[in-house]
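Notes for the one structure printed next.
Each chain carries a letter (A, B, C, D, E and F) given by its place in the written order, and its residues are counted from 1.
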């Protein structure tokens, strides 16, 4: 009985709230800026923008590294755009490996959901930090540092990697060096690797020159 | 006599300065991103973009909470877009209340311009911090924590709330719980409130289910 | 043969790198600042600072909400200090509930590892976004907004919540309102709840006044 | 009846929350860092840390500029430390002036509480933005740009300036140039002001050389 | 022999990487936001976006201050957009001066490449920090503080100024005060300079009123 | 004549300004936090804290890579602490190389002061961006991406690298992989390099296992 005016009163306030930026669901078709994708119009935002089912499906590990990474970054999961967080699924078959890589834009916390994973990163003073992680263990990889994950057990492993950015980036060392047309001589000069080694890996990964 | 060339020289520099981003007045019709609204073209920026007169007018407190909040966030006051600050006017008639609410995106400093206001917030260890504020007193409400303001005196009160964001957001507890179609049973489950209490408030605030 | 001087050369460079701030493992005994805890001395950093096993153990859900939250924030997991990320384990027995709460300092991504979870958040325009999540599904809860999780299935559920901050905070609505000495009359005034309802919940949660 | 275990359960969680950083009240005696002052120990935080009464007292405008600025920055108002916001009181007697100045660390929103204030800033393309502000009007001064306030009326004026930083800084142009021992010749060289003008102002402000 | 599947496997991953935001080359024709310019489409990014040759050419110092500043900010050098860094070239003929100015949006490190430069800044407590810099010396000017550079030698000087922002801004004190239509009386009021002095400099710099 | 009271008035204000955080010169002996080193007490700050002469001296390039990097990061140049910028000197003798490396914490702009430098970075889609830079040319390397510099001419080269952080970090690829005790087998697994290649480089760089 005493509340009817309250309802009316706050309608005005609420309408001015319409522009309040609780979230900024990515509109992949609109211009992108340094802080992320443009926002979808509020009227077209649906609960599905905030939910992603792609990580429920095991990645295909029938490949040479016996591993698969399935990202849910802003480009795949538009609800995280601008919110400073994202996640990825990691499947490692027996013997599977995610080779040395970096995330230029965020630190990572890995949580092992199934199996055993040997993981490590190297600090910029060249100290390696290595650990064998069992189910439920977590490990943090500081932003931008080289790190890797290896299935260290006799069964498939499953893990989830969380990132402190909606677009953490991913640079895989072998691909950056060998899966393009960088001249072998230049790679030799800048990595001290032998030309034969470089050519072998270029061949395997589809690089040229 | 000695200065004429100076004028010419710096014209070039100044023209390159045209792109320097002193400010980014909101263009509400252009795409919005995680960092705020797009900027108006510099040529169309006027002093009125940086000035707002809407806070000079008392809000209408003829409502059940005997209170009115008038925001000057980026959506109402485009000059603050991207500058990390905004402000709102708070009118509290005798007996007026701004019920428990949060600002998800910024901390708030409240300054009492007229009257007496009892204000408080609750920290995440559940400690309440309460104070009766007189004219000229200020109080800070840390980002995201539940807080309220109540007119504690015999006369109308006026206050201004400053925020460390151009779009601080505003989530009013009662509205979030009762002014929508959330099922009563779900609210009972997630708040421990009795169904009768929930239905009573839904009725008052226009909620359903 | 050609490399011996390289080793010598970079020693100098590496020693200057010693101060490079790859990470800042929390020293809980040293002063804390707005950006987080002070850093442990580099010489005392060990791999165990970056690994946490506490999330491998199921929380005790033998309580009224049939739920348990186990955090790995900077205070429990010092390796994430300053890195803008943290994680928590969520156990929900059949019928378990994490009641309405907010994280003032970060957005959250929830990933369901076992079972079915009904989750939802309310935007500041009071729109609820609800979804039933199956194993492998993820959902994002934007920073500072009220949200909840309920076991929606016939079996225990397990989930991991990632946060875009090393100290995301956690404010549980019922505790903020009822588990302290806030006067019942003040709560009535600022929530519109009936005094009897408030006293009932204060009694259950240990609040007074 | 059904709640007693809830209380027990959350005690554990709450104790781990003790380290959650809702706020960071400045401990002025502990080390300061780039993000602000160290935090007081949680146990010694009181509501008075979040409240400041100094702005309720009119500043003394019996001086040559007929103006007074009373800051409530982190150094005076420790509760705002780390929260990205602060405030100051501005008293302007009839004819009072706050001369050209900048805030290196934050944008400002000025709200006129009494009287009339002529305010302005100059953009980096040298365009001035000037406005006469009446009671209740607000104006924003973008970070780092030169701006001023002048009492434009026949009565004392009162205003409050909000800043998007707990330590916005304040550099007053005349003081930076004339209230120190910078050599007159160097000032001439770097400002094109006449030596006589410089010496006159140095004399007035206590500068030397 | 063992690698062919690796190539196939990562193609999928790489294509999802296409949206990873390594960089955001400025598209000057698209909407600008608070965080910088919109990004060029990845397909149109070329190495030339990341390289700028304009700083290899000496600026024309045949002007009254015998100095030239050539910026490589995001507006001139689109590759730095969103990356938090930019640079400018500074040429100072014998007797050349860069008069007092501020950068509202970034701190600066100056490195002397040729000649001798007397540089200084004034802190907000009015303390001047002055130094004569020789070739190879560097000096830092904290964000937003007034500073200057003067050729202190018998030969032309060359320096490079680095900034911790892609759009640091530049406000030249004399231009802000005298190279526009600010009323002389208002400048007198807000700077304490004599009207004759103001009119003299307005005349030299092209200001009016 | 008219100014004497002004002097007195602002003394009060200035004293409150003493806590304004214009800068935060690193106190390397005090606790370090995620945002950088603790600040020196204002009273002990000297102009020399803001000036660094170490970059005026050529690094010793009598080593296998014929190159030397001399950093002026916060650890060497305390004045930049907290200011989001730093710089380093790069000397490259004829044939000199700075091998592939990353800066986890900042983007870099390189300016060539003498000679010719071939520089390049690899984006996370594995596209290389390469350029031969002449004197005065600049190139930007986005944060966290692998990049290198090679003297591409017949004379020594000199360059300065600016960073958008006071502590950008530096991880040299070869050192991270080969200059520590990472097991050869683990490196093989995570880089696909042959064991013989790894052992050869470990031998050269002082690595073991």
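Criterion: contacts are C-beta pairs under 8 Å (C-beta built on N, C-alpha and C of every residue); 3 or more make two chains touch, one makes a residue touch a chain.
Fair warning: this is a prediction, and the values are worked out from it, not measured in the lab.
> Tell me which chains count as touching both subunit A and subunit F.
For subunit A paired with subunit F, the chains in contact with each are C, E, in label order.
> At the interface of subunit E with subunit F, does the proportion of residue numbers present on both copies reach over half, so same, or stay under half, so different?
Subunit E vs subunit F: same; shared/all numbers exceeds half.
> Would you identify the chain whose Cα-based centre sits farthest away from the centre of subunit C?
E
> Any idea how many Å lie between the Cα centroids of subunit D and subunit F?
Those two chain centres are 34 Å apart.
> Just curious, how far off is subunit D from subunit A if you go by their C-alpha centres, in Å?
Result: the chain centres lie 41 Å from each other.
> Which subunit D residues reach two or more other chains?
As it turns out, subunit D has residues touching two or more other chains at 3, 14, 17-18, 20, 22, 31, 33-36, 83, 104-105, 124, 126, 130, 142-143, 145, 169-170, 175, 179, 192, 201, 204.
> Please list, in label order, each pair of chains that touches.
Between chains, contact exists in these pairs: A-B, A-C, A-E, A-F, B-C, B-D, B-E, C-D, C-F, D-E, D-F, E-F.
> Which part of subunit C faces subunit A closely enough to touch in the complex?
On the subunit C side, the touching residues are 3, 14, 17-18, 20, 22-23, 42, 47, 50-53, 55-57, 72, 77, 79-80, 83-87, 89, 106-109, 111, 113, 121, 123-126, 129-131, 133-143, 145, 160, 162-165, 192.
> Quick check: in the complex, which residue numbers of subunit A touch subunit F?
Per the stated touch rule, the residues are 97, 99-100, 102-105, 118, 120, 122, 124, 126-128, 130, 142-146, 148, 150, 169-171, 173-177, 179-182, 186, 189-194, 197, 200-201, 204.
> So in the complex, the part of subunit C that touches subunit D is made up of which residues?
28, 31-36, 60, 62-65, 68-69, 71, 73-76, 104-105, 167-170, 172, 175, 179, 201, 203-206
> Along subunit B, where are the residues that touch subunit E in the complex?
2-10, 13-14, 16-22, 24, 27, 30-31, 33-39, 81-83
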